[in-house]
Amino acid sequence: MERCWLGRDVLSILDFDRKCIEELFNLTLIMEKYSRTRLNILEDKVLALAFFEPSTRTRLSFETAMKRLGGSTIGFTGEEAISVSKGESIADTVRMLDSYADAIVIRHSLEGVAKYAAEIANNPVINAGDGTQNHPTQAMLDLYTIWRELGEIDGICVGILGDLKYARTVKSLIEGLTLFRPSKIYLISPPALRPRREVLAILENAGLKYSHVENIDEVIRELDVLYVVRIQKERFPDVVEYERVKGSYRITLETLKNCKDTLIILHPLPRVDEIDPQVDSTRHARYFKQAAYGVPLRMALLTLIFGREDKVR
Amino acid sequence: MERCWLGRDVLSILDFDRKCIEELFNLTLIMEKYSRTRLNILEDKVLALAFFEPSTRTRLSFETAMKRLGGSTIGFTGEEAISVSKGESIADTVRMLDSYADAIVIRHSLEGVAKYAAEIANNPVINAGDGTQNHPTQAMLDLYTIWRELGEIDGICVGILGDLKYARTVKSLIEGLTLFRPSKIYLISPPALRPRREVLAILENAGLKYSHVENIDEVIRELDVLYVVRIQKERFPDVVEYERVKGSYRITLETLKNCKDTLIILHPLPRVDEIDPQVDSTRHARYFKQAAYGVPLRMALLTLIFGREDKVR
Amino acid sequence: MERCWLGRDVLSILDFDRKCIEELFNLTLIMEKYSRTRLNILEDKVLALAFFEPSTRTRLSFETAMKRLGGSTIGFTGEEAISVSKGESIADTVRMLDSYADAIVIRHSLEGVAKYAAEIANNPVINAGDGTQNHPTQAMLDLYTIWRELGEIDGICVGILGDLKYARTVKSLIEGLTLFRPSKIYLISPPALRPRREVLAILENAGLKYSHVENIDEVIRELDVLYVVRIQKERFPDVVEYERVKGSYRITLETLKNCKDTLIILHPLPRVDEIDPQVDSTRHARYFKQAAYGVPLRMALLTLIFGREDKVR
């Protein structure tokens, strides 16, 4: 079997086809058994975590995954990165990490940094979020959660709600959905925060059906998956407009009263107040499970990139 | 034998009885042999260190203990925590850590956070200091040092000197002392910095004898243990008052001229100037040994919580 | 064979003689084979990384080296250190680290801190840069790179260019060169940034020939090694003077047009703009290789200090 993952950079989810993603999912399913123990298959590997922008969830899940696999991590995060690299080019920092470690996980506030790093580094580079558009391992996790909780991604109806223009995970998720055949995608947002033109083009080119919706009540009955992202006040030119719409993009028990029994709600986290904590105890809430899947998914990803999948089991 | 520790949260030292504490001490004594080497009994465990407030001693001793036992650590500290969790509830942060790691060590400036975290997490939560009142593993370390250096805690005379109202370790130490039968406790402080009413009630309910003392000279002859904590200038409403009293709560060779030969001096560290460095080289100074016992004590604690004590030896 | 390294502090490169340094180089050469894998010879060791001043390259190369050898690291860095040790003496911080870990790597902005720490600690202390004058492991790395790339250090002509007065690595490199017999050393800098009197005395006492040079064009033909360090604007009392000279201390393809075919260019990194990126792709550029040698060199150093060289191979 041809190997999709061995030695590959992970810059965009579209670098991989459906078969590759399904291979990742199948290995993640196996890794769930090992995500609370230790599997010494990457003992000889060091993973660099270059978080130019702070993060807990993504950073700690990669770190946990690497350690559960017996490997080591080095790195820096946030403020430290800024004071340290003062004046040094990103290229030189990447060259250093590439000469110490066997792969680099990178997060940066500027779009394109991960791709640039991948051109410089000999070892694999994994994009852990750059700019406002790409976060491929989050999208893999989002899709895995749907696949795991509902059994399939083909044929489902997905609502994506919140700030669809600036939220980092939305573009990657939409790209990921084009690898499958969801029946319909509802883009639920205020008109000012609809996905950018080029993101809509991805859906169109893939022939996926989508509609813009302003009020979730119109479509809640149809949804199999509701994916919620945050709306930040500072994205609105007009505070009055923000105050007017914000209630419509907050999920409460009331929002869910007409939903399908089997609806699952996802969120990349952290959340602020876009999902009422009362929703947490409903059967619909799967965002904490989704977060927990982050460790086995990244265990599977690292195993595949280092070509050690034969050692699992 | 019933297991006191397996899977338990460590929120207050009073969650454990004397028998449990003695079991911890006996295992710590064994762990002293391993605290400079490696004992691979927690290889399959990941410990999350959630230091919302910075710390070196407590954090690094837990980290060293976990690594000496073959386990891994993940976590965040101080500023990083603040920038990262901006807007996220503590509950959601705890849920994330709980889904990645096998136990959580937590420090926070707000009282009650550890208990709240323990209600949310499925895995054990260890309080590494919250608010100004609780620091149970420090109290275990304080008591272990007395037990180790003097052979017993029953029958000894303990002086606790400094800011007894706000210092984080005092309440936990006093709680811990009630599990034993010290002969007398002297509370040596300015009147404004005496322990709070509810802390005195702990001593009274346990039937332990105590007195308030303003000048250590009055009681130095009687003490077996002198436990020193810092007095911070900012605790005094009146700077003049602070300047007047501060000399009385600084330990020098002069302070010790009438003490017992066998007196031991403890301090949770870090110290600023409340103990003259000249005291360091006397036979009385045990605060550096006390700090060093932090690693074997936390090795024993983690071993017991994960139920691996049978693997030691 | 007498052991130069076992249990020793590494405060200055002059604490070691040529034989010791050559032993280090020979072991580094072997470690190059292991610097991309794992050699479990320090599994029972914990290394404390006490970076009172931030650093990425030095810190991450020590951390990688320790982990590749199977050991563990603990520590703190930069801001964290400042907030944590607020008020605590360096002596007390060092005592703590000494009681947790088996060796301490220390960086501090004040000269002499590493030596002071070594007087307090029982375990070995490694100076990772203190003040503006000492950085012995960087000098070992610089010399190793020359030895590795050119085959020898004796008989070569070395140019050192930039701020020779304040750059941390220059004094240590010059000290290291006195352990060998380079044919000539050119000190290429503006007059105001020449090495301090006591650094020149080191060269004189060792009987090494050197000259001050203001313009690299005068000597470029003769050089076997060009070692570049940064010139910082803020070192100049007069901005006009800085603007006048800066171009002369920037290496470009033009600078190199008359150099030897075999010239190698080194730099301790990070660089800002003192070497034009166009130089990176010439055969002369060895600064990235030099950085990469940091891991095997520090693997060798740690192995020797812990006396485990017999376990290699």
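The first chain written gets the first letter, and so on, giving A, B and C; residue counts start at 1 in each chain.
The definition used in the following text is that contacts are C-beta pairs under 8 Å (C-beta built on N, C-alpha and C of every residue); 3 or more make two chains touch, one makes a residue touch a chain.
In this text, all values refer to a predicted model and were calculated from it rather than measured experimentally.
Mostly differing positions are employed by chain A and chain C in their mutual contact, as under half of the interface residue numbers are shared between these two copies. Rounded to a multiple of 5, the C-alpha superposition of chain A onto chain B involves a rotation of 120 degrees. Distance between chain A and chain C, defined via averaged C-alpha coordinates, is recorded as 41 Å. Shared interface positions of chain C, defined as residues touching 2 or more other chains, are 79. Chain B meets chain C in the complex at residues 36-38, 54-57, 60-61, 63-64, 67-68, 77-79, 269-272, 277, 288, 291-292, 294-295.
Taken in their complex, chain B has these residues touching chain A: 43-44, 46, 48, 72, 74-76, 79-80, 83-85, 87-89, 91-93, 95-97, 99-102.
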